[in-house]
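By written order: A, B and C. Residues from 1 in each chain.
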Amino acid sequence: QSVTLWGRINTSVESQKFGTQDRKIVVQNNSSRLGFKGSEDLGGGLKASFSLEHGLNSDTGAATGGTTFWNRASWVQLEGSFGGVRLGKWFPGSYFATADYVSMHNHDTGTSSDALYATQFYTNNKVSYFTPTVAGFSAELSVAAGENTTTRAEDIAVNYDVGPFHAGLGYEKKGDFTQVAVRGLYEIGPVVIGGYIQRAENSFGAAGKKDWNVWRLSGMYVMGQSEFHLNFGKADQIIADDGAKQLTVGYNYNLSKRTKIYGFWTKVDNQTKGTYFTGAAGQDFSSLAAGIRHNF
Amino acid sequence: QSVTLWGRINTSVESQKFGTQDRKIVVQNNSSRLGFKGSEDLGGGLKASFSLEHGLNSDTGAATGGTTFWNRASWVQLEGSFGGVRLGKWFPGSYFATADYVSMHNHDTGTSSDALYATQFYTNNKVSYFTPTVAGFSAELSVAAGENTTTRAEDIAVNYDVGPFHAGLGYEKKGDFTQVAVRGLYEIGPVVIGGYIQRAENSFGAAGKKDWNVWRLSGMYVMGQSEFHLNFGKADQIIADDGAKQLTVGYNYNLSKRTKIYGFWTKVDNQTKGTYFTGAAGQDFSSLAAGIRHNF
Amino acid sequence: QSVTLWGRINTSVESQKFGTQDRKIVVQNNSSRLGFKGSEDLGGGLKASFSLEHGLNSDTGAATGGTTFWNRASWVQLEGSFGGVRLGKWFPGSYFATADYVSMHNHDTGTSSDALYATQFYTNNKVSYFTPTVAGFSAELSVAAGENTTTRAEDIAVNYDVGPFHAGLGYEKKGDFTQVAVRGLYEIGPVVIGGYIQRAENSFGAAGKKDWNVWRLSGMYVMGQSEFHLNFGKADQIIADDGAKQLTVGYNYNLSKRTKIYGFWTKVDNQTKGTYFTGAAGQDFSSLAAGIRHNF
């Protein structure tokens, strides 16, 4: 068999509150997925590989991407000592190097995922070069073809790992939008501290060009099979009164490497014109959640 | 590999007749499916498991649920000596405990499936508790969250097995609809006799609240690799002249445990205002079928 | 495990030109697919088997068939010394026996696939009989049920293989459309030469019934891991000035049996009213491509 099947079902039961609406009980998907991957040794240090990755709503069985079934990944890659070349669709390296990396409590999924990180998250029609790892550094350089219908996009990710210290840089440009973020993460015994700062810029047409900052700080304390998490982020206002803050407190209990049960409380606080997470100006969001995550 | 692939392709060629329309030749799907499942031993009697199950039209290749790809199941479960807790989507326990259990000739699929059984068949956003089996009894207690958009639903199933006798009870409530059914099944050498009786109730708004009964009786005679089936059901009228009867005569030849070829003749007889199976008042349905069912 | 997973990711980067439009860079899918198949030995020379085959756009992750997920195949089959009987959906045998067979450079996929071959390519609701192979001959006889909504279709394929010589015949009829094609292919050491000639007929309603011819000639020269390809086809005009020519020059480098990298240049030349490949009268198409094909 030259194919490996893998995936994750991550489902929680939550008490959610949107603005002044009635609190409601929700069975919530947290980026559940199913993947097929494989690689072939071609000799001479060459390797071919592929990945197909599907996102699904574990609460209803619906495909997250509708008819874009492989909405998380569909790529083929050739790699050797020179690095790797990849064609197709996958998530931006800039995202994995920054926002995803420090969202430790629940893999940056579900209602407690990072609501503030600025991105166009362009994933289709990509061609990338992956460098080999040299002195702890590795990089991914991507171009997404616009194919004369959408705007061409560029994405750069750099990761650096040395002992307990891990850093990353992400850069993304699509049309009038650009963002750059820097991430650091440090392991001190049972404590892990991480964070990123991001600078984003968008030419909002008539509204005019604006810059804004986003940052996040997150910490984890590990005690046996338990993990205690704290996570705070802030997006500055872009035009006026449209910023937001996000706070999450979480607890994970690892039943095994593959399976955990968890609970968290999360809140997004929008300024009067902020629309983060809820999509409605000034509407806040909070949720109290308990869930199961099972990797297979 | 922590994942098991399994499925069933069940396809028949049928001569179907709807009311007074011309008889037509149809290549017919009978609830074909593809599933991924797995479980992990967590030690201490604990077990995590998951299931993803997709329904497909084997005659055209279309997903039965459209973009709800995993329209049959997508759940994660944690179980121990205390029983099991399951989150996500799957078919109602009340259905498996009753109507499905006695539909022996073709797994309650296709044109000869039970057309009369009353159910809202709610499957999304469920949280359930499964009891351990005690003295032959086991039960499933489910709540489906309405999430402030649909009506909350409840479902209870009880199964009892002792030697050749098998019984079940199903209860379902969604908004103004409730149904309760009791099933029995007895094995006497090569003969198996089963049946259920159901009481359903619906508040039809202006039309007013109504109760009605449904029942079914089914028998199988096994001779070597051959099975002979007979199956009769009746739904009483709800308001007036809207009841129906259903009769199926079937023959299965088991080429192996996994593969059978089969034939059946089935008929749904609607009263003048009955719309069972056909959806059109008073329109009857019949089909003569030959098919292949292959489990993998 | 009674299921085999298999598939192909085939993605290219192309510089494409449609008529007088600006040349554009495109990441292009070339009929990527994912399949599940299996068979069961039933004893006495009998065998049951099934296939589910999904087409995907490797550049975007979209399902090629939308909600018709298994748009390439979903069938179940029973076979023995008498031949095989198959029910469900799959590509026409007439196509594999002719156009597909001689499109050697990239499996008749992507922008260099045969744009001229005349077919209705009907695949749903099929019942087929496959003959055993006798004296090098084998045949597939298919009927696709119209189910009173679409027109019934018939498809016949005959293949003949003896030593280095391979021939095929395809016949297809759907309503007012019929086509018949004959294919030959000869292996002479490192050289392979193949081609087909096709006669198609359509009753275009008011426009009146018309016949037309299509032909293609293709050659391959193999040198170690390298393959050099040349491929030319022509569709005669049907009514007036609506014919086309197609030329492809290709190079494949086989990194292994499963993985190749390749390049090609392809061009479709439409007459003033021809709409082959582009769908726009008189619009030509050309592409310069480099790609990776990985089988798994």
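Here is the rule we use: contacts are C-beta pairs under 8 Å (C-beta built on N, C-alpha and C of every residue); 3 or more make two chains touch, one makes a residue touch a chain.
In this text, all values refer to a predicted model and were calculated from it rather than measured experimentally.
*Asks:* Which rotation angle, from 0 to 180°, best lines up the CA atoms of chain A with chain B, given as a multiple of 5?
*Replies:* The two chains, chain A and chain B, differ by a rotation of 120 degrees.
*Asks:* Same residues or different residues: which describes how chain B and chain C meet, taking over half shared numbers as same?
*Replies:* Here the answer is different, because the shared fraction of interface numbers falls below one half.
*Asks:* State, to the nearest whole Å, the distance from the C-alpha centre of chain B to the C-alpha centre of chain C.
*Replies:* Here chain B and chain C have centroids separated by 40 Å.
*Asks:* Return the residues of chain B touching two or more other chains; collapse runs of consecutive numbers into ranges.
*Replies:* 1, 5, 67, 69, in rising order.
*Asks:* Applying the document's contact rule, which stretches of chain A touch chain C when the two form their complex?
*Replies:* 1-3, 5, 36, 38, 40, 42-43, 46, 48-50, 52, 65, 67-76, 78, 87-89, 123-127, 145, 147-148
*Asks:* Using the touch definition from the top, list the residues of chain C that touch chain A in their complex.
*Replies:* My answer: residues 1, 4-7, 9-13, 21-22, 24-27, 32, 34, 56-63, 66-67, 69, 255-256, 258-259, 261, 291-294, 296.
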